[in-house]
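Input: a single structure, listed below in structure tokens.
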Amino acid sequence: MKYVSKPLRVKYSDTDQMGFMHHSNYLRFFENARISWLRELGISYKKMEEDGVIMPVVSSHLKHIKPSFFDDQLFIEISIIKPPKASLDFSYVVFNQNKDLICEGFTKLAFLNSKSQKPIRCPDFVYNLFVE
Amino acid sequence: MKYVSKPLRVKYSDTDQMGFMHHSNYLRFFENARISWLRELGISYKKMEEDGVIMPVVSSHLKHIKPSFFDDQLFIEISIIKPPKASLDFSYVVFNQNKDLICEGFTKLAFLNSKSQKPIRCPDFVYNLFVE
Amino acid sequence: MKYVSKPLRVKYSDTDQMGFMHHSNYLRFFENARISWLRELGISYKKMEEDGVIMPVVSSHLKHIKPSFFDDQLFIEISIIKPPKASLDFSYVVFNQNKDLICEGFTKLAFLNSKSQKPIRCPDFVYNLFVE
Amino acid sequence: MKYVSKPLRVKYSDTDQMGFMHHSNYLRFFENARISWLRELGISYKKMEEDGVIMPVVSSHLKHIKPSFFDDQLFIEISIIKPPKASLDFSYVVFNQNKDLICEGFTKLAFLNSKSQKPIRCPDFVYNLFVE
């Protein structure tokens, strides 16, 4: 399964004095893109947290191919790598408005009970989205 | 009453492509400086929140005189403007390592019950710090 | 003259442990909204910098009425207060998706030559946008 | 070669509504720690950029073991993995004030000519620091 984000602008405050988007912001862009994807699939991550499930990032990987610049419009292609179980694994490919490949990435998210902060299995309503 | 912060570095990720510290970060520096001041006065803001009191910023003002740059060391002078009641009012003057005046600022913080999110009066242990 | 931004989402990374959007982020939202307004008026702020004009914020004011939360959609109404001369003065009113008044703000931006970092007058092509 | 950072506080604005430090901020902490290490070895990264060498991050990896919280003091152990050539490779281990293992990480930095943005070899004064 795959999703392509709407264009996400590189904002002025995302840049650093090198003139590039600061590398830490790609993780924020990934987060926005996967929350948008969930929203489009009918899942509110906000509601999920209110219902007691939090999904912290437990590992991530980033490979930068080209820099991105202020005002660029980034398109993020997200895929699910395998059926979610104890974790939900996303991979990301980022292009700019000229179809230049900017960055590739990966994040693994855990499912935790927000009170106990103990790991739980992927809730059924999430599992069913990504597996038929 | 007055406090001067330890030198606070402008970090690389604080800069933007203008080469200046991004203006929004001064509010973060103010926050760090006032939390350090409270700590030095014997108050843990972390514990205060655990005890049910949150202190959101309800208004702020910033006047920028000179830019600050990556690696600068900023010194923040904080004062309490008047005895705390429903709010705690801080003013800030920021200097760099060359004693250049960088910025002046002001923030007003409210006291809220963290559960009800309703305003409360300044707790006695805070009031007593700033008034004899 | 007036502009209302497209809805701007409060992102997960904009929140703090109080559960509110961190107050410093309103300055970033203001920046995004005014850059979008300029873009809609036919001015690329990116190009303006490339042409040697930078517009740092020289003062700002924020008044918070209600907090905003993760996933909120904020609408920012921007106005020009007076014809631009040595500075460009914007005021902001922020509403959420329920039309709650969230925040009011003000920023003054200077025009600087990016090389000399000396103040310059408002370029004609900017002046003409805001004054008939 | 190895360096242990001074304690770096988790600031209020580093947290998100989960109550954890937002995962993107570890990359900022890594950056601060390696710039401090270079400073201690007698290299100003600021001056290096002024002299025409920029060092963007070209890949990174993060593994989160435990969350960190507001007011935590993080200690970052940095090592150089191999002699610098076309890139400078750092690994990081992060502990909190209780000696809990928080996070492990890795970043690869390139050396670029800041004007041409073309890759260059590691400058001698950097190479000599890390190799005898």
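Order as written gives the chain letters A, B, C and D; numbering starts at 1 within each chain.
We adopt the following convention: a contact is a pair of C-beta atoms (placed from the backbone, for glycine too) under 8 Å apart; a residue touches a chain by one contact, two chains touch by 3 or more.
All values reported here derive from a predicted model rather than from experimental measurement.
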item	value
Rotation angle superposing subunit C onto its copy subunit D by C-alpha atoms, nearest 5 degrees	180
Chain whose Cα centroid lies at the greatest distance from that of subunit A	B
Mean-CA-position distance for subunit B and subunit A (Å)	33
Separation of mean Cα positions, subunit D and subunit A [Å, integer]	23
Sites on subunit A at which at least two other chains make contact	12-13, 17-18, 24, 28, 31, 70
Subunit C contact footprint on subunit B (complex, rising order)	17-18, 20, 23-25, 27-28, 31, 49, 54, 56-64, 67, 114
Subunit D to subunit B touching residues, read off their complex	9, 11-13, 28, 31-32, 35, 44-46, 69-71
Subunit D partner contacts - residues on subunit C that touch it in the complex	12-13, 15-19, 22, 24, 70
